[in-house]
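Before anything else, here is the set of structures, which you'll find just below.
In the two assemblies presented below, subunit A is common to both, partnered first by subunit B and then by subunit C.
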Partner chain A sequence: MFAALSNPRQSLTQVLNFALVLSTAFMLWKGLSVATDSPSPIVVVLSGSMEPAFQRGDLLFLWNRGQNTQIGEIVVYNVKGKDIPIVHRVVRKYGGGDKPLKLLTKGDNNMADDTELYAKGQDYLNRSEDIIGSVVGYIPFVGYVTILLSEHPWMKTVLLGLMGIMVVLQRE
Partner chain B sequence: MHSSLVRVQNVFGYFTTVAFCTAIFVALSVLVTPQHPSASIQLRNVQVVKGRPHYYSPKKEEYAHIKFDLDADLSSLFNWNTKQVFVWITATYPSSSPTAPPSQAIIWDSIINSYSQLHPYTPFDAWKDLPIVGTNKVPAKKSKSASKKKVAEAEAEPTPGLVRLKNSKPKYQITDVTGKLASQANVTLELGWNVQPWVGALTWTAKEGQDFGRWKGIRGGKSEAFDLPALKGKSATQETVIQKGTPKPAEAKPVVP
Partner chain C sequence: MAASKIAVYSLSDLKNTTDDALPNYLTSLKFKQSHALTDVRLALSSTAVIIAAITFYADYKLGWDATKQGTFWAVIVYFILNGALTFWIWGVEKGKVFNGEGKDGALLSISSSTQKHSPIYYLKVKTSASITAAPTTSEISSSFTRWFDSDGYFVAKPFQQWLASEIAMIGEADPKSVEAAKKVREGYVELTDGDVKVVEKNEPQGSGSGKETPSKKIRERSRKNLKL
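Showing the complex of A and B:
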């Protein structure tokens, strides 16, 4: 099993391979970010106010090109002073043209619109400042992996370690 | 390398490949189902009243209260990959700035669940009907009636996507960003929808003439243009408070922090 370590050239190649895998993943993520014009083109749903459309653990693909958001689109937005983005549906839109659109959002599973969730004194979302993308694609459940990883940070270390050991120890 | 670790890896890899291929196939296969939605919307009654967004708000705004008739057939939007359809009616009116596109606000919406959403398939349902080994219990008779019951249930269920509303109240009383909405001219009501799939791409309203392969755009689905009335009489002095609950956020985290 530790035969690989006796051959430094081979083990170095394997370390290099591992680095290649990591950098490829990173490049894909950043490439997707550039293509969609969104800082995080794939998000995981954490809570249920868009149920039954989106449940906890669902993976959403975002698209952020074009500022002309339509009514009924589901957008992911940041609120100033909060770190976790929110995914809700656009129920009102005002203005546009030369100025950015003003949008009001609401969760399908909520009675009330989101005015109370916005920053203090803010009544509407600004399309160009607050919104990081509009949902275009959907895969259920798959995001649970990330939820597990982020809620139990030690799993991240263990997983990364296991991956590293596996790549290094595996022989062609 | 035939260690059990490698085998587990292979099985898992094969499983994910098959799962993703199936998902892609299902997501793309819906393109072969024909879609031909149609709808008609009529204005019934419209009022403009003064009010406040909530009890403690000092802000005074004008709210439009629009009653309508809706007769929609969206049943063709439901196929094997449809989880739910979110339908809504927007009021569209010219913005106060002449360069800006029209403003829009939803006055009514609804979630229409698909049959598969209401009656999710669970493999355990099938197990219940199996005879239990080692006992004399044979639930065959029961299973027959149970499956019959299921069929009857399915038949009794109205086709999802047929929406008929007569003189319906709006779900939301709308206001403009300026707070003024009385005497607004050239307002139209329009039907819109969003199909939420089990897996794959979300799709939105196809306007009249926006055909895409076998998917036809909506026929009708738009009301005649009308004007909002002025504030007058009782409505000018009375005040409504738009009561709302507290919204909960649906948080979504980037997959790569």
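Showing the complex of A and C:
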């Protein structure tokens, strides 16, 4: 490794190899975003409000093309001003066609619908603005890793550091 | 370059160390190394990384809706560059470790390769008198044991002697190594830690004290270093 410092091309190669690993992962994610037309095409279920359909830690795949959402579909939405995506089922719809489509959602495991959760003064979701996608597939439990990582931020630092050290030291 | 110890059973360690030593030796013989191939690779990969970095920053600052169109093109260009990079490494560079010219302007290009689980170093050597002249290609190979001692230290002399005696163009630039290699081959000398020492003539090949056996001194030393 120290020998590499005396050779600028070789050290640049090693730095770029590491950067390429990170940037390829990021661009694959962005490519998936572009393909699904969703800012976040894969989300992890954070609460138990959709049990028994989805458990905490399930990994969901979203699709955001085709705006004609039907009652019974499970959608993921972002509430204005809050940064946490919520996974709930559509129970009522208004408008559609020429008029903007408005949706009311409810968690399967919740007693009441989501009006309480929406932003102040909002009593429905706007399909084109609030929804980030409909659920088209899921893998149970594997998303639990990210729940652990977000609840214990030091794990992220450790993981990233280890990856960096490995790539710099190895030349495979 | 400081000599460092490697694991003798790791093929990639053997190859990488040798790959690094080869251009060092040739540049010490006043061969002029051309970095054009490497520079194209570095340009491709850094452009790709910069595009990804800009996409990341724009997404972070402006959000998804504002950057959607730009992200679409960035993704396309990024993967085109990545494809070009892969093609460059596998199709054009092909394991090239040295590309350059000698004193009289003759061109020399050397690619190295190994085969899985086999400690043999293969070199593909392409030489031509000038850019317009037809190139001659030759392939040479040798066991890594020739220039690594049993402790995993790279020994430059036998490696240089091997190159100088096998590749005429290098031999012309380093006649001393050719001479030394000839003596070793004829069995008049035995290799030690890098110097050539004249000893009694060996028995013909097969007696176990051929050119590829580490010297007694090195063997003694490694036995002493063995911790049980």
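By our rule, the second predicted complex is superposed on the first by the 159 of 172 C-alpha atoms of A that agree within 3 Å, B and C clash if a C-alpha of one lies under 4 Å from a C-alpha of the other, contacts with A are read in each partner's own complex, and residues count from 1 in each chain.
Rule of thumb we're sticking to: a residue touches a chain if its C-beta (ideal position, glycine included) is under 8 Å from a C-beta of that chain, and two chains touch if they have at least 3 such contacts.
None of these values were measured; they are calculated from a predicted model.
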(Q) Going by the contact rule set out at the top, does A:Met27 touch subunit B (first), subunit C (second), both, or neither? (A) second
**Q.** First, second, both or neither for A:Val43, with subunit B first and subunit C second
**A.** first
Q. In the superposed arrangement, does A:Thr115 touch subunit B (first), subunit C (second), both or neither?
A. first
Q.
After superposing on the shared chain, does subunit C or subunit B touch more subunit A residues?
A. B
Q. Thinking of the overlay built on chain A, is A:Thr13 touched by subunit B (first), by subunit C (second), by both, or by neither?
A. second
Q. Which residues would you name on subunit A as touching subunit B in one complex and subunit C in the other?
A. 39, 171
Q. Which bits of subunit B are touching subunit A when the two form their complex?
A. 1, 23, 53, 83-84, 86, 88, 90, 95, 97, 99-101, 103-106, 109, 111, 113, 117, 172, 174, 176-177, 192-194, 196-202, 204-205, 244-257
Q. Within the complex, which stretch of subunit A touches subunit B?
A. 29, 39-40, 42-50, 52-54, 59-60, 68, 70-74, 76, 84-89, 91-99, 102, 104, 106-117, 123-124, 135-140, 143, 146, 150, 170-171
Q. Which of the residues in subunit A end up touching subunit C in this complex?
A. 2-3, 6-7, 9-10, 12-13, 16-17, 19-20, 22-24, 26-27, 30-31, 33-34, 39, 171-172
Q. What residues of subunit C sit close enough to touch subunit A in their complex?
A. 1-2, 4, 12, 16, 20, 35, 38-39, 41-42, 45-46, 48-49, 52-53, 55-56, 59, 63-65, 68, 71-72, 74-75, 78-79, 82
